[in-house]
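Same chain, two partners: chain A is paired with chain B first, then with chain C.
The block that comes next holds the complex of A and B.
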């Protein structure tokens, strides 16, 4: 009988597949060998393009082959005169990458090859590229390769940003679990809607709208972290001015602490130092020898005498002039302090929105008191709205979070440290003390803002929860003479910075190794180490 | 019988409704000899879709055929367009040509009865419109059996409800909840929490969580969980498709079914078969025919009886015209089955279905792209039934461009018109007025009310080797039909696999066929062997 049907069994099917695979492997090996031989011989011809194309069509991620193709294309192109034929050459390369991207839409080298073709040829069709992005993002709205490529295309063809912004809206409404879309949106928000009058990063109404949108996402699915990240970014999108925080002059050292990281160039152009009302020239050196730093040492040739008059003049980027005059704290110790403030400054209408959102959060919290994200967001709202007013509640919430979300207890401890220090600093700046000690019962686990205390002569960090990770930060204590680190959790002194200390207390750091202390003493002979 | 074919079969299936067609496919799939016939000239029986002319024939048939009287009744057809005058017809005919070519969009076409007649083939009007849950029994069956290759679907684009006296979209997916402005942030969280918890319950957890809720209503449960009235409306009426009296566990199960089907194919959990629900039985018939079943339409049966043969085997004997057919198993619709072949339980009062079909000139709620809508109406009166509404447009192949079909159905209380008209009036303009009059509701052009017998509650079954199929039920999906077909198949051939995947052409090997000369590539020929 003819044409009788029989269905393949799975065994037969397996054998057939295996045979097919072997066959493919044979072809692959053969082609690769041939390609490499040709390359060795310098055969940069059409045949090489055909061979690499064949292999890439089923294995788009062999970047070596893409490199070889680029070499060949550059070579061939030189010998073509007609514009039309050059166009054709590049078009066929684009077709190949498109084919390869169909096989693997996340192929780094295929996207890169495409980028190369478009920047190399003289007649790129950017509109078509943008459409390609649309298609690929329709197939997978979270493919970050496509988003990345889209940003490249947009940077070249500059379509109306408004359209791009709306595109992200559309994609987010399809699926808001999309880091790429939120990120792209944040970039465009700053470009499209900066608040030029108020000097804020985002116009009020847009800031409000974004806060609303992202809260809606966060409440729809609190387990999706992309929304929370965007929300945190929005909360931080406030006006930030670079300011001098404190200025210390002693016969040994002149130092200036900043609230942000600044460069030597910035200081040279924006800051003037007057000794007895005469501008003094000198060299600015970062305390960590970094390009950007928040504590800078001023090397100058002035002699510091008993009744010297020192002041600095800082011209902010808003063209505001800050003048800080040093006061004499001790003989030969002159310190200038600025007004400091850690509170985020929002516009009235954004503040109203934040208060409303805080209300919703509180309602939710009543329903699900242990929900991590609701509690954390509530805490951030409280902190952002009025950090000192809500300080107690904020710390209580963070303590609860340590229990609810114990995997991130360290992060919450660090936040407590940071926000406690931010509360204490303005008070300390009112006093004329040259001493620092943590005034809160919560033990410090990290030392942010330490440059603010760069003027202190004695620093008491005893009985905190500090580990050896904090050691490099101590570099900010440039004036410090007596440092108490007893009762902490130090394990090593390896990263202890060079400081002009007189006394260092290391008692009750039970993990610290004696040998290491001996070594340290050896190295820092001038310091009296108590252990 | 005019044609010569065998007169002995293993299975004879009478009627080509959904259940019958699935059984026929399942039987011939495992190579039973199947004869499938239908007395009428088309497939589908009470599950059929008709073009406009076919529907007129159906209406006439129902009115004249006494055997149909108990099955389909209370038929009310109504035109809302005046009878076309002949001169108007010729005048408009010439105008029509103009409309097709060049009339600006936005001006609505004025429909005449003649247009329905001339475009009759563009209608596929369902007598039993139903949706498929994306993860429901039928979809899984279509996939596992690979009958899906004969089918085509469109996603339902939106789920609507009737809230505060107007139509409102129901946020049912994560993306909807995110995008909606109809509920507050806190409500979003509550809604998502409720939905995700319902999805998460397995059978055991469900029994546990709801052990005290056995005799309470779903509404009481939702209220207990603190949902706001808006949210209760969405969950109870739109997602669970229930009423105030729906029991808790039933509500949870219905919700779960809805939610589990989300996110597979579109933004709603539902699929609508292209060209109408009536296309589905035919797909099963097609597979059945591919596997050798014999098909015959226009084949009335004169008599059926069971007979014991000499070897003690019981067979069923059918007489059609001059021919006598025998089979081991007979499968047929309970409505057509002679009483003496049914088990002796008395025929109980059946709870029938009220149905209505409206043809309108626009959608019930405008949207950017052509919508495909499921609307679940809560009962307008306390204690009443919920009403299900489906609106389909030209993109589904159900009607000509410019028209929409709106299906209503609900369990029968009085008669179709009294049961459904109050609901239809809420969203459709059922006046006899001119099509040009302005109205905020779509103008109804034609309507049909009818009641259909629902035999799904019947406990009567066939005797001996007669298996009866119950007709269409009032549910939204096809689950009951699939379950029934499985039960019948299990009785006919216990232990056999129900519709295993059918193979495709490339999975077949043709035995005894000498293969042609093998194809070899040139480059292989030249160098391939050297390696």
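The block that comes next holds the complex of A and C.
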């Protein structure tokens, strides 16, 4: 029951209402009984249409009654009537659905019946249907059923897509808060203006135009959230390429980490592994035993000796060849690292637009420093324009957002963790250490991108704000020997993955239960657990 | 034009503690009077009604108050021998929605033997389309809700192999939107309820990797309003059932901490009716079994210890999912 306010009534009123309801119920039960009996007897006639119409007019969600109506209509069409009369029947069916939709504009059954009639009859008037959508969307601009129905009608009568695109423009200039229109617009933008040559989702000039449109919407009223989601999407609409990030070979394990999830099929067709310049065959096993993963273990028969030359060749989907050669980091430990970059790449003109909008955002922010959406947008502009240059400011903003928008503090904390890790990773990839430690003062609350550190032998996650939610992530630390999780907020070890650890430090996790640690030790006898 | 956030204000005299006994009484009494007006008028969704009530009772550890044998016999009587599908009630037509509800109820009772399981498999399988989508019944309505019903139903019967899972996944992914969310079919706007269905489908099919996790989870956590309640789409009023659709999705995405749990708990508790028992969509509205289940299930996800642990994918007690040895995927990225 949605949106039905409980009203207090007198006993007298209650009794009167109950009597009325019982009367209604009597009629309802009688009608249903009669309909079901007629159906059993195969009476597919006008009377059945009248009976079901009566019940549906006040209860449009009784799906079986609509099924019965369709059966009757099919029967009549097949057996008895003239084309003209059938057409009349269909018209009255449309009237019934219209009536029902007035009672319940979200009645799935009524919308479906309308679709059925229009696709079944030989003389559908699609133009009229499109006009009906226009009227309904004026009454409720967010009814997703109406929008879906509109898309159905459009798929049938195929007006120029440009017209539909302009319809969303019109709707948005009526009210920028119309999220449904932003949504529809995003679909058409991709279809009308894809950047086929550059491989970006949207052509430059349109990308820029949309950014401008969002800006005028968002600045009309910054507290209206609709446009901001569209803007966030535009900011993320950049080209993405699957890349290998790191490759580790030890006598125990050979592992390859990717920036995105890939399947074994992808790896088999796009990646070649060379030991001493000879292609090596083997089997790829997902680290999490899933079909798609960002860390894969390569099972092969090569012996890892003191000096071995290992390289991999990845043919990207753009037909670009990346070759990564392993270096010896320690005896019997060979690691290859790719160049990594988390910065979004925009065209020059879009970048110019972003910079201009950043300026306006900053001006607005100066007037209202605690406006959540202005602050958040400024922060995303900064991050998207130049994440490393503006990093300090970005993190400061996110700290402010934790206070201004405290409901979502958990999100902002995780965002700080993620963007700090993204800042640190390229530096860590430059040096030859097999050790990972958070280099920022903000404590980590989550462990994104952990597959990038799959080559580390020692991982120091001490004194962070990690909870037991992160335990399954540790599976990425495939060759880690020493793991320090002391001083965190772990509450249980239930989902601790199987790892070949030598030492695990769990000290100062005050809510961790001693009994559970003993059980853990029992189960993982080879690990030295410090507690 | 000044913009005003659509929301409600919680009053000071709202319920602040969980009224388990009241809810149990409310559900136990629901349907006892077969001539009750509301009860009769909702016959067309009876099977789901039974699922909502029983699951709520299970979560409160009070399911012994439900007429178990009567329910099982009713379900058996609602299976259509020809198609294998199950209807909402006697006289009504078999449909995917009620087939799932029936299978869920029987799974909780550990009585899946009460129906022709192969019949159910046959029914569900027959509704998969060339593009991987599922229709709700032979009349052809396509909706991602039915994709979710199909994979959930078959996985509870350990017969996912009966359909083309890859195609089912591809169809669901074709419904992904600019905001990372999902609608009811390709092109449809994102909606928290349908996001739950699509994320749930990917969780059962173990393809959570295909989600844009950060974008989607951000959109989901932005559903939380100052009252603590969650809405289902931007610029809409909060509704208790979104505590479930949003929170279960965030749980499968391992990002439940992106909403403010304390405020949400306050909102959920405020939707209780201290007189009649049960939960409603918003404080002060009429209660019903549907919102009662999703209120309790939401509290369970928030870690309320007086309610049994609920599985975020199946919306059934975790102990049932464990007994059936099902392991729906949770995303770790």
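Note that the second predicted complex is superposed on the first by the 427 of 531 C-alpha atoms of A that agree within 3 Å, B and C clash if a C-alpha of one lies under 4 Å from a C-alpha of the other, contacts with A are read in each partner's own complex, and residues count from 1 in each chain.
We take it that contacts are C-beta pairs under 8 Å (C-beta built on N, C-alpha and C of every residue); 3 or more make two chains touch, one makes a residue touch a chain.
Just so it is clear, the structure is predicted and the values come from calculations on it, not from any experiment.
By the touch criterion defined above, A:524 reaches neither chain B nor chain C.
In the superposed model, A:209 makes contact with neither chain B nor chain C. The partner of chain A that touches more of its residues, comparing chain B with chain C, is C. Shared-chain residue A:300: touches no atom of chain B or chain C. Contact with chain B, but none with chain C, is seen for A:30 once the two complexes are overlaid on the shared chain. When both complexes are overlaid on chain A, the residue A:221 reaches chain B and chain C alike. In the superposed model, A:174 lies in contact with chain B only, and not with chain C.
When the two structures are aligned on the shared chain, A:360 is found in touch with chain B, with no touch to chain C. Common to the chain B-facing and chain C-facing surfaces of chain A are residues 1-6, 220-221.
Of all the residues in chain C, the ones that touch chain A in their complex are 1-3, 5, 35, 37, 40-41, 44-45, 87-88, 91-93, 95, 137, 139-141, 177-179, 183-185, 187-191, 206-207, 209-210, 214-215, 217-219, 221-222, 224, 226, 228, 233-236, 239, 254-255, 257-260, 263, 273, 280-282, 284-288, 290-291, 329-330, 332-333.
Only residues 174-175, 177-179, 184-186, 188-190, 192-193, 226, 503, 507-513, 527-528, 531 of chain B touch chain A when the two sit together in their complex.
Put simply, chain A touches chain C in their complex at residues 1-6, 18, 21-22, 24-25, 28-29, 32, 36, 59, 61-64, 67, 70, 108, 112, 116, 142, 144, 147-148, 151, 177, 179-180, 183-184, 186-187, 220-221, 223-226, 229-230, 232-233, 236, 261, 288, 290-294, 406-411, 414, 418, 448, 467, 469, 472-473, 475. Residues 1-8, 13, 30, 33-34, 173-176, 215-217, 219-222, 357, 360, 363-364, 367-368, 374 of chain A are the ones touching chain B in the complex.
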